[in-house]
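Quick one: the structure is below, questions incoming.
Each chain carries a letter (A, B, C, D and E) given by its place in the written order, and its residues are counted from 1.
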Amino acid sequence: MSRFELYSPEGLRLDGRRWNELRRFECSINTHAHASDGSSYLEQGNNKIVTLVKGPQEPILRSQLDATKASLNITVNITKFSKMERSKSSHKNERRVLEMQTALVRTFEKNVMLHLYPRTLIDIEIHVLQQDGGILGSLINSITLALIDSGIAMYDYVSAISIGLYDTTPLLDVNTLEENAMSTVTLGVIGKSEKLSLLSVEDKIPLDRLESVLAIGIAGAHRVRELMDNELRKHAAHRVAKSSAK
Amino acid sequence: MSVLVLPGDNVEVDAGKPVSLGPGMYCDPKTQMVLPVNAGVLNRTDNKRGQTLYVDYDSKRYIPATGDFVIGVITGAFADSYRVSLSSFSTPVSLSYMAFPNASKKNRPTLKIGDLVYARVCSSEKELEAEIECMDSTTGQDAGFGLLDEGMVAEVSLGFARQLLYNNDFPLLKLLAKHAQFEIAIGLNGKIWLKSNDIKNTLACYKSILDCSGKQIGEFNEIVKKNFNQFTNTVEE
Amino acid sequence: MSLSVAEKSYLYDSLSAFPAIRPDGRKPYQFRPIEISTDFLPNSNGSSRIIASDGSECIVSVKSKVIDHTIDNDDLIKVEVDIAGQRDDSAVVESINSLLSKVLKPNADTLDTSKLQLTKKYSFKLYVDVLVLSSYSNPISLISFAIYSALSTTTLPKLVSGFDDLEVEELPTFHDYDLVNLELKSPLVFLLALVGDNLLIDPASNEYEVANNGLIVTWCNGKVTGPIRTISLNNFYSKGFDASLLGKGIKLVEEHANDVLQALES
Amino acid sequence: MSEVISVVKRRGGFQYPSIVDETNDIDTSDEDIEMEDVEKPAGDKKTDAAEGEIVTPGELVTDDPIWMRGHGTYFLDNMTYSSVAGTISRVNRLLSVIPLRGRYSPETGDHVIGRITEVGNKRWKVDIDGKQNAVLMLGSVNLPGGILRRKSESDELQMRSFLKEGDLLNAEVQSLFQDGSASLHTRSLKYGKLRNGLFLQVPSSLIIRSKNHTHNLPGNVTVLLGVNGYIWLRKTSQMDQARDLPPGGSTGGYPSNSGPTGAKSLNPSSNMSITRLEEESSWQIYSDENDPTITNSIRQTISRYANVIRALAYCEIGITQERIVSAYEASMAYPNIGSLIERDVMESIGNDVINGEKMRGNGGN
Amino acid sequence: MAKDIEISTSEQKFLLEALRQNQRLDGREFDQFRDVEIDFGKEFGDATVTMGNTKVQCRVSCSIAQPYEDRPFEGLFFISTESSPMAGPQFENGNNTGEDEVLCARIIEKAVRRSGALDIEGLCIVAGSKCWAIRADVHFLNCDGGFIDASCIAVMAALMHFRKPDISVFGEQVTVHPVDEREPVPLGILHIPICVTFSFFNPEDTEENIKGESNSEITIIDASLKEELLRDGVLTVTLNKNREVVQVSKAGGLPMDALSLMQCCHKAFGITEQITDLIIEKIKEESKERDKYASILSSENARET
């Protein structure tokens, strides 16, 4: 495990970042206008994620019809080639993926104004083309972007990030190597608030360190929100300019 | 004199008199033997016209029987009727828009999905969806049925619900009434609806009913007192 | 897509006219424009993404693994297709999978996999994973173009250990960062719709609905090869066709495949 | 470029052509992230967002309680927030945010084109590309045998012989249900089953609501622009021609109030009378047979129109009759209709249309 | 779980109103965990946990198996949490892909297995070829909420209660000594994770939750079934006595202020301490009970030697 120096005495991480630095975060929206109502493509570090939102539309199954609100369905497709080593088996029905899907649905159920779209289905399809740590957080960010692109009303952004704890130093936005070597916390934050929609700790972490990790995480998630917001505004300004020119 | 019977037990029937069988009793079409099919207390009434036999047994799963008072939750609304659930995971029943007092094609009831209704089972054919009504269908008048607004529902066994509704000597309601004023609707499907002007009183009644279910009558007083004490601190000794 | 009877008969009459009038005015041999990106998955040895103008999209990843071909003598190329919204055991996925594994069957004439042999004992095995993100008609042609683009840009680690290793216990070793281009040219698959006496390349989804039959033609290294198949494109108009159309179809592909290849290469 | 296929290649990147903005490269290398640093003043400090301003979800739009809150907003106490990414619209006291994208939402009076998806109990379900399917009640269509005919039970049984799954029709949104879904009607001769042509689809935002959505185009082709973005191109029919004549031209002498709206301005020279039309509106209005006289040149013209409409959509230009005609004219520079599907050609046609409008000095709204 | 239990709007409103008035349906305080009862079966590794009307049984068993290729020095450890209609009609037989079933299984997995509560290196017999495979089967007997918390206690109690047969190894040769021949040996327990589940309710509207400053959300511990059905959000915190957070899962649901979540974690620690002590005490009592016989046996043995 200590083949690598995860955090050097000079305060540098494996990929040269400092403890509080995000990975490269690049996103675009409206990437699949033909195939969906809203779409996004996100690269967070080496995570590469395509998200398609279809709907609100007529439910495909009777069981998806709710007379009071829209049903939200999220499918996460982690491709076999997404990791360095190609996985032999499909990830489709893995419990870990089912858990992720449930967590994502429950995160967005409270943030999307589903009551505005009764008797409809909002179907979200995510394809993970490549993964490199903190995948759950990246999924949340990519869904937020695609949902906003689709014009579906939501209360606020949900932005998410994973933080590792290296001894006593929190490391923001972990990659796979870091994630495998230390305890990580993933959190999903609502807008600019300090309210957490999602919080997930999967390994041991001292109780008395948790608070500081959360604080860093919230700050990081706010920064992610800002980056997403920038892209959205840029896109919007572009669209507005284009339509007013004509 | 009550007798405990088990399915298949021998039950003496006076062959000379007409016999009517109630719930829990069965007459073998071949042998004409009268057999209990449920475990419970055998009730027997003899009079000049004949004898009546039924088994009073307790169970959890409610099966609609015509004439039963029930409490249901509206789970769907169709063109001309509501779909009502009397208990979770059992077949829903239907409540026609016309089964309300003063109903007409123009004057539709205004229940919403999730609302509670007090109603009576008006048709319960085995092969068909059972139907319930919110009025006295013989007179077409209001008979105290309809929407149960607010309040809380306690779920008890069917036998306990029957005791509460039919047994005038059953002490629980009187005990509760000593402590608080409340409204109650008893559904034979094991749902008891309660409402009072104070949420704590309702809670105390709710918990007392749940706690008393399955206990000896002698313990009721203590249970009720304890609960009112806990929720409202107003029990004076 | 379900079309109305009137739409279908309008389309059928237009497409079976001579010359055929396609709803978007294309020539019988004309493809719709496509967009291709390659080399965007650093974790894979090769990758490509192809988007057609109707929004159909597929992504291909090529990953390699070193195997001992004296033990594991399966085909050196393994292809797997995943179509979004379809179960892995659905008929569409299985039929495309089976067709593709035939298309990518190593064959000295068409798909020369000798390039994958590293040493006397070891070879690279390539895993070609296809993800169809969206498609409005049979994506087979698009997939074959994407695989072609991915394989032609695939790079593999450079071998530094010796070729003759039958007696050597060690695994082959590779250069730390030098890569070699694989330069494997995989076959292209063409889908033609038969309407009346006309043959139409790259049928759009509405053309699909009125085709009397479909023809799958594989082309590699300047000539038509197997598999050649018919494929029913709809349930309504499907019927048998004159054998001469088969020859015409093959000829049509022979005439224009090189243009496609050049466009993919450019 | 090859005539067979055009390929745009991108190497070494999975980029989207969306917006590559040089000025906004995200540079996190020196970002110190600490709690206090994160609050960015932009956006939230202002109290009143201006008309046309861009807002994103969760953003405070105004803290002035005087505004009525419309679509795309929600509020807590005096604060009004945006729930979508879009631009602010202020109409009188109504404040709403118009999202950049979104599905078509029907409004009463919209002329739409739809496809039957389901035949149900006294109603058809119609796909109009909205959030929900629209409903077409049996009572909201003209039945064979005249407009005044009463509907009978046998009509319920033969609904599928009027309209079946897959059938295309144009209709008007008659009313909206509480959940926002539409109820359609075709009780006018200008609505009903569509024949003699080709269907295509564009984003609904490109179709602007106007008085008239049916236009006769040069080349004997008529276009129906559904507000929902569904478009039908067909050979111009006698009825289409009749509609284009001024209403005063009618000398038929038939009382104009006895016919349906669409029948008023019929061409007298075509010898078509309202009574005739009523007969016409017998079974024929539900026929699946196309006009046998559609020539190949009309078919080619329809394909050309389809391509220029796609070109306008590709350039995100609002689609109007004038623009279709202008784009059609511009497209004549390309004798090969098939070449119109190439991106550069579509762009050039789009530019021609815009420049033409600028030259004429009236940027078509 | 419990997807199709129909609950009326009245009940929903009542519960929320009661919570606003600081009342729970069963009269408990908001942060009061139900009394936990632990009963052990006759066999080693059989524990039943009762919390109110919730009842969960865990049965631990062992066998000898081959270790994973990539982990030759570790034994195998499986936990299976399969629900059946026995626990309540809302559970389907053979279908464990429901949202709550998956979450429950994953949390127990993370809390106990992933956190290394069981010393799996101690299960190695012959590196690379033989090891102990320990299996914990959780059975849900009755459902009145709190499955995760109860299951975790049951698994830990059963693991601590379990004894595996003693073995002797000579090279590749392994001899398993029957229990009546040699005293069976307990498993190596490295720490005792305890799950505490918090349920959140929003007494205001969503706008207040998202944009308001009031943090008026209500938090209760160890919800009963009715409370579970009506809650807006849930948080399960797993801790051990060493002040280590083992696992935290808030899989969406009502957004909650980070500080409130921290408070939950601290509260959970208090409960963790109590329950850990309870388990240890119960285990001690139980072994004392067994030792009554053991001492008789050992005194006999003493006489023989």
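Here is the rule we use: contacts are C-beta pairs under 8 Å (C-beta built on N, C-alpha and C of every residue); 3 or more make two chains touch, one makes a residue touch a chain.
Predicted model only: the values in this text are computed from it and were never measured.
Trainee: Based on CA centres, what chain would you say lies at the far end from chain E?
Mentor: Checked the centroid distances; the maximum from chain E is D.
Trainee: Taking the mean of each chain's Cα atoms, which chain ends up nearest the overall Cα mean?
Mentor: A
Trainee: State the chain with the largest centre-to-centre distance from chain A, centres being mean CA positions.
Mentor: Between chain A and every other chain, the largest centroid distance is to B.
Trainee: What is the distance, in whole Å, between the centres of chain D and chain E, each centre taken as the mean of its C-alpha atoms?
Mentor: Inter-chain centre distance comes to 58 Å.
Trainee: List the centre-to-centre spacing of chain B and chain C in whole Å, with centres computed as mean CA coordinates.
Mentor: Taking the average C-alpha coordinate of chain B and of chain C, the gap between them is 68 Å.
Trainee: Report the inter-centroid distance (CA atoms only) between chain A and chain B in whole Å.
Mentor: 51
Trainee: So which bits of chain C are touching at least two other chains?
Mentor: Touching at least two other chains: 40-41.
Trainee: Among the residues of chain A, which ones contact at least 2 other chains?
Mentor: 33, 48, 129, 155-156, 190-191, 215, 218
Trainee: Pull out every residue in chain E that's touching 2 or more other chains.
Mentor: 207, 210-211
Trainee: What part of chain E is in contact with chain D in the complex they form?
Mentor: 207-208, 210-212
Trainee: Would you mind writing out the residues of chain D in touch with chain E in their complex?
Mentor: 58, 74-76, 79, 81
Trainee: Flag every residue of chain A that touches chain E in the complex, lowest number first.
Mentor: 93, 95-96, 98-99, 102-111, 155-156, 185, 188, 190-191, 193-208, 210-211, 214-215, 218
Trainee: Could you pull out which chain C residues touch chain A in their complex?
Mentor: Within the complex, chain C touches chain A at residues 40-44, 54-55, 57, 59, 61, 63, 65, 80, 82, 84-85, 88, 127, 129, 131, 133-134.
Trainee: If we count contacts the way the header does, which residues on chain A are in touch with chain D in the complex?
Mentor: 20-26, 28-31, 33, 37-38, 41, 43, 48, 55-58, 113, 117-120, 129, 148-157, 172, 190-192, 215-216, 218-220, 222-223, 226-227, 229-230, 232-240, 242-243, 245-246
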